[in-house]
Structures are given as C-alpha cells and as structure tokens.
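Encoded as structure tokens, the structure appears first; notes follow it.
Here the chain labels run A, B, C and D in written order, and each chain numbers its own residues starting at 1.
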C-alpha cells in the first residue's frame, strides 16, 4: 500500500521529457519532488507562473510569489509570470500536457467530482473545471476509499460533477487504473496489495487482466 | 471651402480633454497637428501604440516603431506598446472615445462604405470595420464629392458597406453635417461656402435650419 | 499630452461608489489585492454590493473585512474556502454566491473589457455550471456559452504605475488585475509606487493606462501571506 | 529544468513544413515579420500554402517573396494593399483571398490558441463579412459569431528570446506575433538576440515559452521601412 508520497512517486513516472504539467493541491503537489534531476519538465500554476521552483529558503518568502495553493514559492531560471486569462489560455488551449489533481469520486466513464458536497460548505471549483474540461491527459491522485471507508471509484458519481468523461488514469494508494470503454482497468497494484483487495475496494466495474504487475517504486 | 488641413483643423475642435482618439489614414492623420498645446489627449494607433508622437527627426526613424499607416513615428512620455488583440480590445470595448476616418460614401442613415470598389483591386478593410462597429463617436473626414464630381453623401450607399448606422458626424470641405433621424442635418458651412452649394452637392436628404453658421477656423 | 489619472488617495479614488453597485476586485487569495481601496470601502459603509473577485479574502483581511460589516450582498468567485464568516453568511442565506470556474471568470472579465459579449468554453459542460446555458458542439466537443462580466467600479492593485494609468505588476500578484482593469466602467488602480511619467518602459507595461480612470499610491501595504511555506536553511 | 526549444537555424526550425499546410506569419506591414523563416520557406519551395497574416508583404519582401514563387494558394488577411503581384494573382483568380477585419483576425488567432472555439463581435455586422455567419443581439446590439483560427505552423519574430521559448518584442513590432504564437500547432520563433536562460525578467516576458516549440537567432535582419516619414532637423 502506498502513502501520499508513494502515490506522487508513481505519478512522477508518468511525466515525460518536454511536458508542461499542472499539479493540483494536495498529493499532486508532491509529484514535483520526484521528477528526475535534469529532466526537462516545467510546472504551471494557474494563478500565473510557469517554471515554478521549490519553496523559498526561510526569510526569502515573497507575498507576491505564490502558487495556486497560496503557498510561497520560487521561480526557476526561464520562469515567466502572466495574468489569469493567459494562464487559462494555456490550459484551455491544451498547451499544458498533463494535469494531476485530486478527487472525491471518479466514475468508470471518466466523470470526476471534486468540488462540492451538497449540504456542506462549498469552497468552489477554482480552476478544476477548466483543467478537466481541457486537458488531454488527466491523472487523478487520490486514496482508493474515503474517510468513511467507502470506495471512491464508482459506477456513477453521486456528487455534483466537476467534469464529464475526462479522467484517463487514476493512481491510488492501492493501484493504477485506466478508464476506457466505460470501465476501470487494473494496470498495476501497489507493493504488497493483492488483486482481491483492489477488487473489493472498487465499487465500479473493474476489468482485471490475467497478470497484474506490482508497481516499481524505488 | 476647406482644404485637407482645414477639415482636420475643424475636426480637432471636436476633440475633448481626456479623450483617447484613433485617427485613420489620410486627412484624419492631420488632426493630430491641430490639437492645442497642453491638451490632455492621446492618440491610439491600432497596430499597437497609445501615446503616439510626431514623426521622428531624420535619422532617428526605427523600423520597429510605426503607425497603422506604416509610417515611422515616435512615442511620447507615458506611451505604451501592446499586441493586436489588446489593441482591438481597447477599440471594441469602447475605451477609445473618438474615431476619425475617411470614407468613399456615407448614407443619411449613418451607413459608411470605405473599403471596397467592386471590380477594382480590394485592399481590405484593415481595422475599419472593428472601429466603426464599436466606436461611440465616429467622425468621417472626407471631400464632399468624389473625383468624378459625384456626391459622397447619399440616401443609400452604393458600395459594399464597412458598417451600418454608425456615423454621427461628417466634416467635408464644404460643411459639418450631423446624421440623425435618417437624414443629414447641416450644422456649419465652410468659410465662403453658401448653403445653396451644399444643398446642391448633397445627394441624400439634407435638413437645413433657418440659420447655418460659418465655421470658425483660425 | 498624456491624460492624467492620478488622484490624492483612496478617498478621492472611491468617489461615486454607491450601495448596490457591482465591483470587481483584483487579486488571487491575498496576493495582489487592492488593500487600500478595500479599507476605504469599509470606511464608506456602502453596502448591498455585488463583488466579483476570485476569492473572498480571509476572516480579518481582504474582502473578509467587507463581509464582516455585511456590506456584500452577492459574491461572484471561483474559490471561497478560507473564510469562516463567509461560510456562516452563505449557509444562513444572508449572502448570495455565484461560483464560476476560474478560467471562465478570467475570460469573462477580459471579454467584458474587450467588447466581446459572449464566447464558448468547454469548462463546466455537464456540470451545474452549465445549467441554463446554451450548449454547442465545436470540433466534436461540447462547449457552453459564457457571457461577459463588467463592473461599475474595478479596483486593482499594481506594483508600479504612472500618472497616465500605466501599470506594471509584480510576479503572481498580476493574476486577475489586468482583466478587471479592462472591465470596470471606472477602474481604480492603487500602486505601491507611483513613478514619474516616462519612467516605465512602454515595452514593459502590463496594463495600458487607457483602461485606468484613477490611480493613487497606497500609503501602506500589509501583503499578508496565507500559506508561508519555506525550506529551512 | 527548463524545456529547451532552441534549434540551429531556420532550416531546422522549418522541418516538417509541407505543401498544402496552413501557416500563420506575424507582423504588421513589414514590421515584426519573420524574415528568416520566410526566406527558408521560399528556399524549400513548399506550395499550395494557406497563409494567415495581417498583410501580404510588398512585391520584393515579406510574403511577397512567397507570392512571387506562387507558393501561396490562399491568403487570410485584413489589408493587402501594398503589393502589385498580389493584385495580379488575385484579379486573375490564381490566389484565393479571405479578408477579415483586423480586430477579428487578432481575436480569432488568440481564440485558437486559448481553446475558445468561437466568440461574438460587432465588427462586420451588416457587411459582406457577416455573410453566412450567425447574428445575435447582445445588449440591443447585433453581433456576429466568429470562429477560432489555428495553423499547422506559426512563424513569429521577436526582439529577444531564450532557450525556453520566452519572447520579448520591441515597440510596435509586437502586433500579431503573440496571438499567432499561441495558435500554432508548431510555433517557430525567430529572434534578433537569443539570450541566456534566466536573463529575461519573468515579469517582462510578452510570450511565455509554453507557446513556442522552436526558437532560433536570425543571422540577419533587413527590417525594411515601408513609409519613411521624418521631420527635417
């Protein structure tokens, strides 16, 4: 079973040389920590920076330089700042190759819900709806079950949607799953996790091939 | 009767303190020469400058700094350069208070034709259609008659239109005319020009008030 | 001669703001927000306001200050998760809230300033954001029609500016400020430093002065940090 | 680590350009045009091209060079008045020409790059530009629906750039270049000066590198002036 860093590490393996990547708040943010040294990859944060670097050294933080999670950050050589319209032109115009974001629910048809729980305080969708509606390549990073123990991989989302039919791949603490032809397809299992336990933890239709390799996380 | 500079001089009287003004090619360009010293007025050129100054001194011309007529220009203190989308955002969004442009024909309903003569080489509309469709305040600067001696102030335009119902005022070598309620209204006559000669030179419906003052051009 | 937009301070800059008006306020989180204008709006006590701003501040700063005084009737935002008073007013029904995808919010402000009354975007198709909106396929993909946003007053905050209203922003404090500057009937810009005309390179100006009607140098900036994340040395 | 876009020169930059493709070319008149890329396209002899560019150059420079060699099948422009060969080909029917209002052309390129498939504009309503286009009233004023433009290759010219593809333009040579950079499937940027990564201030970049796939420093720039207007000293 993977912890949050393990999920981020596995997702980092999906990132290709030359890609611009948008990382959502939470587990997705951690992905940046596991990109191999020297790999040509740039991180976009939708509040207006391309070429986001690590957190600043203590005392160097600048209130004017933050990421979409409102965290203080730094800029790498070659970085650029821009306004919100230009930022979403990049996203909507599919100039960003990969979007990684969290979810409350994912359905076997690729629907995603991650912004609203009826009756509870609604925080808003932020940039998530623009990201999922536009990205060619969306990976969801999340726990396989919610805090109540219920599966987050469903036949149909029960919560208000963020986007329809857009998720291609999900990486959880238990497995890597692809979404195609209206079903989840088990691709890899987390170290030490059995196929049976993944089947049990998945509420939506799950296609299991004869051989399911274990993830290689160094 | 006015010459081209006279028309420009008369139009300059229409310009108000605090206005951004777009001047078309030809007579309109001359208007800039007659703005009173110290008056707070800025000229926008739709290829991407606000705060256009006079032609450069010989030897100072810069191929990268031109106006919409492709003439070398200068920038005044406080000037700014921008891209074409931003430039037309200013125009379409009605941030420019006055547009002055030439015309081949103007109709008594405010239609204007200034870009195309069927059968002849078509040069294109450039920014004229955006300007006339958006400007709140459009003044046409032109000769009252074309080179063949025919009136350019018509009941209906015969040439392909640039914009519909948009012209509010016309300044010609003979007169100042307003367009309202589907007719030309004679406002002023050029120095030494009789009302009769204006009536004769105007093909469209012309409303003539009892008293038509002569322009004051110093 | 350049058109002069400079006014003495926030009081003069806010002249004409009335209860019931629609305001835009730049910023993302607490980054790049018009601090001095917000303080002046609190002081004036105008209420029944519709505020268009990506976020709603925190309890004791930013738009939270206007919420505390119940001056806001309706918020149009993309994310409002950092404010308990906001939550209370929203759940009790005192505050009307219209949530808009962040990219659509930015583009709708730009459209408002650019004279584009409506445009199609894929964002929000199939969600409650699309309810009541026209859906149309382009290139085999469904899009929804979004309309332009404008405001009676837009309040933006820049790093540097000049009397002509030209603005330069710093780092990610740019965010929504340029688009909102375009969309205000009256746009008020507050800047950390008002520099002499001709000092800003015409090549490096982010917001051309034509979009700004009033400008002043703020007396003081808190520039609070919401999430101070650092590496220890 | 920054994504490197630099290539050796125009030959490498134009790799993959084929006859029949749609190209965008930045510039207004002869100001800010991709001189070196145009020379390379002439050399390659690709033809049957659709070229989207505000103007069509002059007889012996800019796009005029491609017209001379009959490499262009169709021009999409707003103003084409400075070119005799263009006139000849157009009147004889050899060349197809689509004339678009300048503001709509700029906005359609931006829309193509920004994932906005269509938008409404008042420009061209009631004229032949509106023929066959949807008309809709907004705020009591008729608008027409315009669609996004994209290109297989976009060629832009900047003043300075870095290996990450970040671009800075000079004065009015910016014009259409930023929007076309956004709208090319492959965007080729040529620059007068390729500067080391980190040299350009992230605050002052006009076109973020994400929009640029290839960049090179041009060997030589003519930068011809169409209308040399000066005051005598």
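By our rule, a residue touches a chain if its C-beta (ideal position, glycine included) is under 8 Å from a C-beta of that chain, and two chains touch if they have at least 3 such contacts.
Keep in mind it's a predicted model, so treat the numbers as computed, not measured.
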A correct list of chains touching both subunit B and subunit C reads D
Compute the centre of every chain as the mean of its C-alpha atoms, then state which one is farthest from the centre of subunit A.
B
Across the interfaces A-C and A-D, which one involves more C-beta pairs in contact?
A-C
Quick one: subunit B and subunit D, Cα centre-to-centre, how many Å?
28
In whole angstrom, the CA-centroid distance of subunit C from subunit D equals 32
Just curious, how far off is subunit D from subunit A if you go by their C-alpha centres, in Å?
36
Which parts of subunit D, given as residue numbers and ranges, touch two or more other chains?
107, 110, 114-116, 121-122, 169-171, 202-203
Show the residues in subunit B shared as contacts by 2 or more other chains, in ascending order.
49, 75, 81-82, 85, 88, 91-92, 134
Contacting chain pairs, sorted by label, are A-C, A-D, B-C, B-D, C-D
Applying the document's contact rule, which stretches of subunit D touch subunit A when the two form their complex?
1-4, 110, 112-116, 162-164, 166, 182, 197-198, 202-203, 205, 208-211
If you look only at subunit C, which of its residues touch subunit D in the complex?
107, 111, 114-122, 138-139, 143, 147, 168-171, 202-204
Which positions of subunit B touch subunit D when the two form their complex?
45-49, 54-73, 75, 81-85, 87-88, 91-92, 111, 121-130, 133-134, 160-165
Name, in rising order, each residue of subunit C that touches subunit A in their complex.
28-32, 54, 77-82, 87, 90-91, 97, 99, 101-107, 109-110, 121-129, 159, 169-179, 206, 223-233
Taking the complex as given, what residues does subunit A use to touch subunit D?
18-20, 38-42, 44, 49-51, 75-82, 85-86, 88-96, 134
